[in-house]
């Protein structure tokens, strides 16, 4: 288990492993938004928490196909399935590795990008907190989607399509926490719900992902 | 542990492929599966390895004592030879890789990235992986693809050593492996009558 | 004997060995000069210049901000020229020099952005505004990121050089386009060029001279870093080539 | 010695810190990698000379 | 040439060809935005043109890797390169096929999705026009990016990274046209500039794409 | 058109592979390239096909009269056999596919999706593609991989027919194709001295 995690992290940071690409994508999407909606700072301040959340979500989404597909293509998954590791553990570790290499950098970068969007001063903390609590759910749900679409050629777009609806609750509560935080309102309720989703996803989805993966390996 | 397959029936892509396959593999024995392309060797081995379900029949004795090596080697091109082996050793709860490196003449290559190996060297690494698993039953699908004669010899020696230690090996191949002591099972005789797999059968 | 060749062609330095030999001689001097200029310019600027009557002490940021901004653009220009040389004359050193310059340019862009943002907070009351100049620097940063990502993603060196050169060409065109687009999109807060010759808007001489020294320091620093990093790229490539030959023979 | 930076001290000092920090990191990384690559090359070259 | 176009279109509409996935992605992103930024209609009306443009751009982006990668993987590109077709023609046809299967549906769908975002009544026409003029540039630029990253394993994220900065001018002018249109302002200038970019990209970029592709086929 | 290769030097992945390769291929003649794995057959054929550049030497007479078939077949699994062939015919400005279907026994399969073919059938379709190009010089990389004996016979017949019509064929293979009339060139003799390709050579 630890070996698998260590290997995934090592692969991510080796040349060509794609570490940092998610972050760069996040940066670019954030930059594009003002080009689309116009440069008025008041407007940007209002939509900043939502944009940060959507940007983080998309950056996560685009890196999902690396979670399992590479291991599938070179046969590693077949071999892992016959190794003495429970499939649930494998998918959990994969999701964890994805979060460490994608979600965590996004969480840390979000406040910096908040500057670009004139995030309200009170918002920085809550954007950070909401992403920190919410992105694990994105990784776990995304792993489920990756397991579903494994083996499809260039299934990236289909993967996005399957996963996006599943991301809706996380996005709603996450963005709500960030928005309320930015406006100085109370955040406890949505934060609790967000935590609940994250926790629930982490506890239950690996079983679904493992089942799906076993079916796809057949 | 004796691997015992009895009256197995398997299907692939919605079509029955083989039926009535039975054999037993005792410790110290090797069994070679033969048959023309598409007869179902890969399907059978994947079923034995537990990667897919049988339509009927029974497999006992595999599971936790079995190591599988398929058409692909599961190597990461951005890890070195040693790192690849260490990873698989760790997955199987072990750490010793020297013997495996030596057995497949990989010592000199240990520091090279797996991506920079030739096809034959990659295959040798894939086979060395078996030795670090510490598993008793090897289930191998065309293990000597793209190996030259000398490497086939290394492989045969490794299998002999494994058998001598009480292991066993089940292999599908089109090539002569130089393992005269191994029993041979030709799968052509077990071709399934043309019919749909169980999933489809419900609709017929 | 043939005619004595007095002047070595500039292209001779495109030979990796000659490049390393020459830069080995030049590099220490450039480095020392760079450090000297930076130390003198920054100390002069930081400690011995008065405050601006409008901007207060923040004017001291200019000694970092303007040189970094200039180098950010010049680095890209240099990469563009080097890419063209590679495409037309296929001199390996120029391809590697372009590769070596990219991270330096990216860091310069980052410095300009960061110091600008820190400057903006007291001056404009905001860290960031979608001013055309700031925005086009952000876009320039994105171009640096993409360029570096492409270099590191491709294994074959010559293929990577070819592809990144073309990306640099196309990217330059789009960077200029973006500049106009951004200008059109939002008229800005940022002041115009201050080093230009029409005196109206120029900074006062007290700020001007230390600024010039700092700019010289940044230019020299850039040259030193590019020399050093190009040497590194050449050596790395030579190492790979030697190892490949060993394995073959 | 330290000039009085007034109310903008934070901005000025942090820009110097950030800029110089970034430069130092860049220079350090460049030198570090230059050393490492040079050592690796020397190793390979020595090996090659020895083997002819 | 025509045969190539016909084949690409046929492949796109066959089962599993991915036709319509871009559209679905566009729909989902548009639907997510209100969840992210909150449901106030006035706010949505203001950002609607920008959101539609960004959504269309992302939907385009995600389908780029299908332009060339599938043909590369199965060897078709090698064979096409030895066929009596100029490489510039091949990449142009590929870009055209991408536009017809992705850009065009987006153009037609945008006004419908405008309803979801409370687009101002005057905006429908100009969103449509700006997308119609601008999306060809997105396809052509995207083909260049796809040619650059061909042969990289799971290069999707890198592709996005390279292409997004190139999309900036198109996005700015496109969104500007749509926004001005929605607010009832004059649109001639940005529309002209947008047309210029589209036209210039179509005229010149195929040469760069072809050069890059030739290098990658080596 | 005579295909003439003189003193060719080629490299792959930054290393010189072959040097001093010369041969001529007249209309009506066939030449088979042999040599162990990794000697550079594929690289040579790709260079002749114009897909990669030579380091030195000259190739004349290929270009517009040459049809290439590599390790992959360039088939679309979502198109039928006939549609795949029609596409390639159209690319080469032709429309007739019946003869090609007949020559490789694909008539019955014409309406099947290419994705549902077996490996050997796929390969037959890939070879049939050559006949619809109408090109005179065939450049083939391991054309009979995964074909059974009967299909190898069909291929040999197709090549003979092509030669009889004044075409020519350059093939790399490890297998006996049953084409006794073809000349054989063993590439082992042309292995390049160990050195880097020109790109790297500047650094040595």
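Labels A, B, C, D, E and F are assigned to the chains in the order they are written; within every chain, residues are numbered from 1.
Simple rule for what comes next: a contact is a pair of C-beta atoms (placed from the backbone, for glycine too) under 8 Å apart; a residue touches a chain by one contact, two chains touch by 3 or more.
Given the structure is predicted, the values throughout are model-derived calculations rather than measurements.
> Measuring centre to centre with C-alpha atoms, which chain is farthest from subunit A?
The chain farthest from subunit A, judged by C-alpha centres, is F.
> Could you let me know which interface, A-B or A-C, is made of more C-beta pairs in contact?
The comparison resolves to A-B.
> Using mean CA coordinates as chain centres, what's the gap between subunit C and subunit F in Å?
49
> Which integer distance in Å separates the CA centroid of subunit B from that of subunit C?
Whole-Å distance between the two chain centres: 56.
> Using CA atom averages as chain centres, what separation in Å is found between subunit A and subunit D?
34
> Distance from the CA centroid of subunit E to that of subunit F, rounded to the nearest Å?
Computed from C-alpha means, the inter-chain centre distance equals 37 Å.
> Touching two or more other chains, which residues of subunit F qualify?
Within subunit F, no residue contacts more than one other chain.
> Specify, in ascending order, the residues of subunit D that touch 2 or more different other chains.
Residues of subunit D touching two or more partner chains: there are none.
> Which residue numbers or ranges of subunit E touch two or more of the other chains?
Only 16, 73, 152, 158, 161, 164-165, 168, 172, 218 qualify.
> What residues of subunit D sit close enough to touch subunit C in their complex?
So the residues of subunit D in touch with subunit C come to 1, 3-9, 11-12, 14-16, 18-20, 22-23, 26-27, 30-31, 33-34, 37-38, 40-41, 44-45, 47-48.
> Taking the touch rule as given, give the residues of subunit C at its contact with subunit E in the complex, in rising order.
Those residues of subunit C that touch subunit E are 139, 142-143, 145-146, 149-150, 153-154, 159, 162-163, 166-167, 169-171, 174, 177-178, 180-182, 184-185.
> Which residues of subunit A touch subunit E once you look at their complex with the stated criterion?
Touch residues, subunit A against subunit E: 16, 18, 21-22, 24-25, 28-29, 32-33, 35-38, 43, 46-47, 49-51, 53-54, 57-58, 62-63, 65-66, 69-70, 73, 152-154, 156-158, 160-161, 164-165, 167-168, 171-172, 175, 179.
> So in the complex, which bits of subunit C are touching subunit D?
It is residues 42, 46-47, 51, 56-58, 60-61, 64-65, 68, 103-104, 107, 110-111, 114-115, 118-119, 121-122, 221, 225, 228-229, 231-232, 235-236, 238-239, 242-243, 246 of subunit C that touch subunit D.
> Could you please specify the touching residues of subunit F with respect to subunit E in the complex?
49-53, 64, 66-76, 78-79, 83, 86-88, 90-93, 129, 133
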